[in-house]
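Please go over the structures that come below.
The following pair of complexes shares a single chain, chain A, combined with chain B in the former and chain C in the latter.
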Partner chain A sequence: MIANILDGIVLGLQFGLLAAGLTLVYGLGGVLNLAYGQMAVISAIVITLALSAGVPVLLAVALGLFVGGLAGLILDLTILRPVYRLRGEPRVLLSLLLTLGVSFIIDGFLNWRYPLETLSLRIPGEAVEILGVPMRRGSLIASAITLVTFAALFGFFRYTSLGRAVRSVIQDQEGARLVGIYPHRMLRLILVLSGVLAGLVAVTRSMVTPVDAQSGLSITVFALIVTVVGGLGNVAGALLAGIILGIVSVIAANLIGTYISLIILLAAAALTILIRPAGLLGVKE
Partner chain B sequence: MSEKLANNSDASPLETVGTHDARSLAALFIPLALLGIALALVPLRLGDSRVLMGVAVLGLTYGCYTIGFNVIFGSTGQLFLCVGALAGIGGYGAAILADTAGLAIWASILLATLAAATIGGLLSYIAVRRSLGVIFTGIVTLIFSLAFEALTLGLGEWTGGDTGLSLRAGADTFLQERIPPYYLMLALLLSFLLIHGLLRRSHIGWAFRALRDNEVAAELAGVDVARYRVYAALIGAAMLGLAGSTYVFTEGRVSSTTFGFGEVDIVVLVMLAFGGIGSLFGPIAGALTFTIIDEALIQFGQLRYVAYGILVIALFLWMPRGILPTISSFWRRARGPKQNTVAKPIQSIE
Partner chain C sequence: MLKVKSLSAGYQGNDVVHQVDFEVGSGEAVMIIGSNGAGKTTLFRAMCGLLVPSSGQVFFEGTDISGAPAERIARLGLRFVAAERHLFPQMTVHENLLLGANPYRPDPKTMSLILDLFPRLAERRRQHAGTMSGGEQQMLAVGRALMSKPRLLVLDEPSTGLAPLLAQAAYEALGALRKQGLTVLVAEQQVPLAMSFSERGYVLENGYIKLQGTAQELAANPIVRRAYLGVT
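Up next, the complex of A and B:
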């Protein structure tokens, strides 16, 4: 049981990280970015190319994250401009449809140009025992990266004035503008951040399963599900939802079987949405 | 949705795609007959090639899917991202009923269609009960799609898993000859169009428009929003199930990609958006255009998707209501102010 829960937490942290970038952009900008998984794939391909060119691992990863952030910036400067002019549900819908188009473009290009490039950052070394359970090093390092990332995110939002400025925009855009914060600048910052987070998703995921040009859609879809279960726009909710869904998924996989476990995971997500449409930690509007 | 997105254009938000139809039935039957004749002539040109006829049959099937999706999403604003799954319930259901249970083909199609309609209605009922908005309905039905895909892969002994099933039923009948399947799907397509056209003229269509334009106002005016949403889902899902199950018999095989999310849902969404969400003939324009473009660009492989992506973005930026409504409103404007129909909610109530 302990093994199940630990494995579940490892998977859950992955899920949580997956959702973090998506949920931030939604919470701050009312933008649902369906090209999120493709941004992760871009980072993965950049890292793969850099590694095969002989760049050291850490530098390659840094380059991948930089390109992820750049992708976010480009999205903000181009395709999202018309979206920012709308409000409410039309805004979400237009953002969703336009970024769907972006995801086609990225997917099509990457599948055409780099169909075989696959990122899998294998961490060598023996399994490490935690509470008597042997854990793979790759999963542990991925989890550590995720935890550090979340700690940094929480710290940023709680203790830095820039982070507080971002939160103030989430709470009340007009109010934030009145006290001298530019909502659009905050939004741009968050899009860059979400691109970097997408890059991190590619890195941590590739320590456990390979990431290639076809991975985009499934990353986006799972990120979306975890985001909604956690409560749109809620980073802590994303982490909580990720961990719960991870544990559910691992326990179901060990008790029953693999494909049923996916269905149980999906059913759990659907039930949460139906029972609490605002998400686990969401606040009803 | 189309209207909401159109708010940033010069169109009046009250102007709806549906209200421009002339009242007479001729306005429905004449275009329908012309479309039928035009499409019936296609095998004269392509009939020699089995491959091209296959593409044409698939195009018609996607046209049918798009009409079904249009009835659900276009008429009542329920974003059902489970078009492939509902069609797949029809397709896999009919295949299993006919091959494993040994039912007659028509009976298995009928049962599978009923199953798809039931599940579609149920999904809509849940969404309505929990009053999920567009996005949340989309997410819940997306989850349903993924669960269906996992099921078809997991239940290998029933569905053949990744490789899929080769059907014995219907193997040596007209269903798998070169030309007849085309006319079968064409008949299906035209009857779907007819049903949707008649629906739009009935009190049900009036209720659909009312609740799509303004849910609260419709409810206040006495439209049972919940009931009409479920009606739309039942009808649309039945169309999807029927098209999916019929297609499976003409194709002679079914696999996990036949009804996959990426293969069906996204394509259908693009086709409908291109043709015009909520318009009667929009789905056909979208399905035909995309089938032709896809066939023309097939040599470019994956690079096609770049073109589609650019197309989708351009579409939603410059003609969010779709190509047909944009052209027709341009046409009306060009014909002069007499025909210029701006918001006329009163006329549509008559």
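Up next, the complex of A and C:
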């Protein structure tokens, strides 16, 4: 049981990180980015190509994160332009359709050009025992990176004036404008940040399972489920929902079978919408 | 300081306010009075950049700000306190005040002046804005606007949702700010409150400016007395 819970937490931290970038963009800008998983895959392929060209690991990872952020910036400057002219439901729908299109294009291109590139950042060394359970080093390092990332995100949002400005737009866009904050600049910043986070997802995930050109869709789907359960625009909610769903998913997979865990996750998301539409940590409007 | 020229604005092509002209001079306290639905909020939203005017011009300290976005107008030093307040509900009083100083660094001296003016805010500093009473939220909305040391403070119905005593207290606080030289423009349907505070005023009816004058002139005007002061 302890092994299940520890494995669940490891998986859950990954889920949380997956959702963070997606939930921020949705909460801030009413934009549902279905090309999010593909942004992660682009980073993964950039890192793979850099590594095979002999670039040192840390530099290759930095390059991957930079390209992830760049992908976010390009989305903001191109395909999302028409989305920004709309408000409310049409805005969400158009963003969903356009980014879905972008995801197909990226998927098609990557499967054509880089079908065999696989990012797998193996961390060598013996398993480490935690509470009597042997844990792989890759899982532990991935979890540590995730925790540090979340700590940095919380620090940014709570203690910096830029972070507060971002939160103000999420909480009351008109109020933010009345204190002289440009909502579009904040959204651009968050799109770049979400691209970097997507790149980080590729990095941490590849320490546990290989990431290749086909991984995009499943990353987006998991990110969506965790976002729904955690509450839109809520980073703490994403972390909490990620951990809960991670534990549920590992236990379900071990008790019943791997095939059931995705169904259980989808059911959890559906149930959340029925019981707490604003998510676990959501606040009623 | 503020000059509005023949401003018309509305929603979906239907103008709610028509060719409105008015002015606010430096150091003045000016009121725009009118009943519910007269167009006060639409007028202010069009002036402050939350709504694009259909025609006309707005000048703020000589700069043409007609149709400029609210965030730019706020940065020029014209701060608008909306009737709905638009606070950041899941942030503390302190964080709301810090954000008010945007785009500048929060000035501790301004902060302590505001907390002296509204001691309630000092008591509630760590409380989330969304959990406060209407009166406290109104104080916070004004305090947040003051954090940027605005050149002109524009308030839409500061008495909304407040019990009579609290509404009066809100106007007393505004009076104290006036004495420190702040220029204030206020829209109000509780006319006696606005009268006690302003030097000059305009009467807005069905989207048109119907009357204008000093507070004394308006208070003596039979139409104003009948329609807004409850004198028969």
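Everything below uses one rule, namely that the second predicted complex is superposed on the first by the 285 of 285 C-alpha atoms of A that agree within 3 Å, B and C clash if a C-alpha of one lies under 4 Å from a C-alpha of the other, contacts with A are read in each partner's own complex, and residues count from 1 in each chain.
Here is the rule we use: contacts are C-beta pairs under 8 Å (C-beta built on N, C-alpha and C of every residue); 3 or more make two chains touch, one makes a residue touch a chain.
Just so we're clear, the structure is a prediction, and the values are computed from it rather than from any experiment.
Peer 1: Under the stated touch criterion, name the partner, chain B or chain C, that contacts more residues in chain A.
Peer 2: Higher number of touched chain A residues: B.
Peer 1: Regarding the shared-chain residue A:49, is it in contact with chain B (first), chain C (second), both, or neither?
Peer 2: A:49: touches no partner chain.
Peer 1: Look at A:3 in the shared chain and tell me whether it touches chain B only, chain C only, both, or neither; answer first, second, both or neither.
Peer 2: After superposing on A, A:3 lies clear of both chain B and chain C.
Peer 1: According to the stated criteria, A:168 is in contact with first (chain B), second (chain C), both, or neither; which is it?
Peer 2: Second partner only, chain C.
Peer 1: Mind working out whether A:179 is in touch with chain B, chain C, both or neither, as first, second, both or neither?
Peer 2: second
Peer 1: Touch check for A:147: first (chain B), second (chain C), both, or neither?
Peer 2: neither
Peer 1: Could you look at A:73 and tell me whether it touches chain B, chain C, both or neither (first, second, both, neither)?
Peer 2: Neither partner.
Peer 1: Which partner chains sit in contact with A:89 here, chain B, chain C, both or neither? Use first/second/both/neither.
Peer 2: Touch status of A:89: first partner only.
Peer 1: Once chain A of both complexes is superposed, is A:228 in touch with chain B (first), chain C (second), both, or neither?
Peer 2: first
Peer 1: Which stretch or stretches of chain B touch chain A in the complex?
Peer 2: Contact set of chain B toward chain A: 1, 4-5, 7-8, 126, 130, 132-136, 139-140, 142-144, 146-147, 150-151, 153-154, 261-262, 266, 269, 273, 300-313, 316-317, 320.
Peer 1: Inside the complex, what are the residues of chain A that reach chain C?
Peer 2: 161, 164-165, 167-168, 171-172, 174-183, 283
Peer 1: Which of the residues in chain C come into contact with chain A in the complex?
Peer 2: 48-50, 69-72, 74-75, 79-80, 82, 85-91, 95, 98-100, 102-103, 105, 130, 144-145, 148
Peer 1: Quick check: in the complex, which residue numbers of chain A touch chain B?
Peer 2: Touch list, chain A to chain B: 32, 79, 82, 85-86, 89-90, 92-94, 96-98, 100-109, 111-112, 115, 217, 221, 224-225, 228, 257-260, 262-263, 266-267, 269-270, 273-274, 277.
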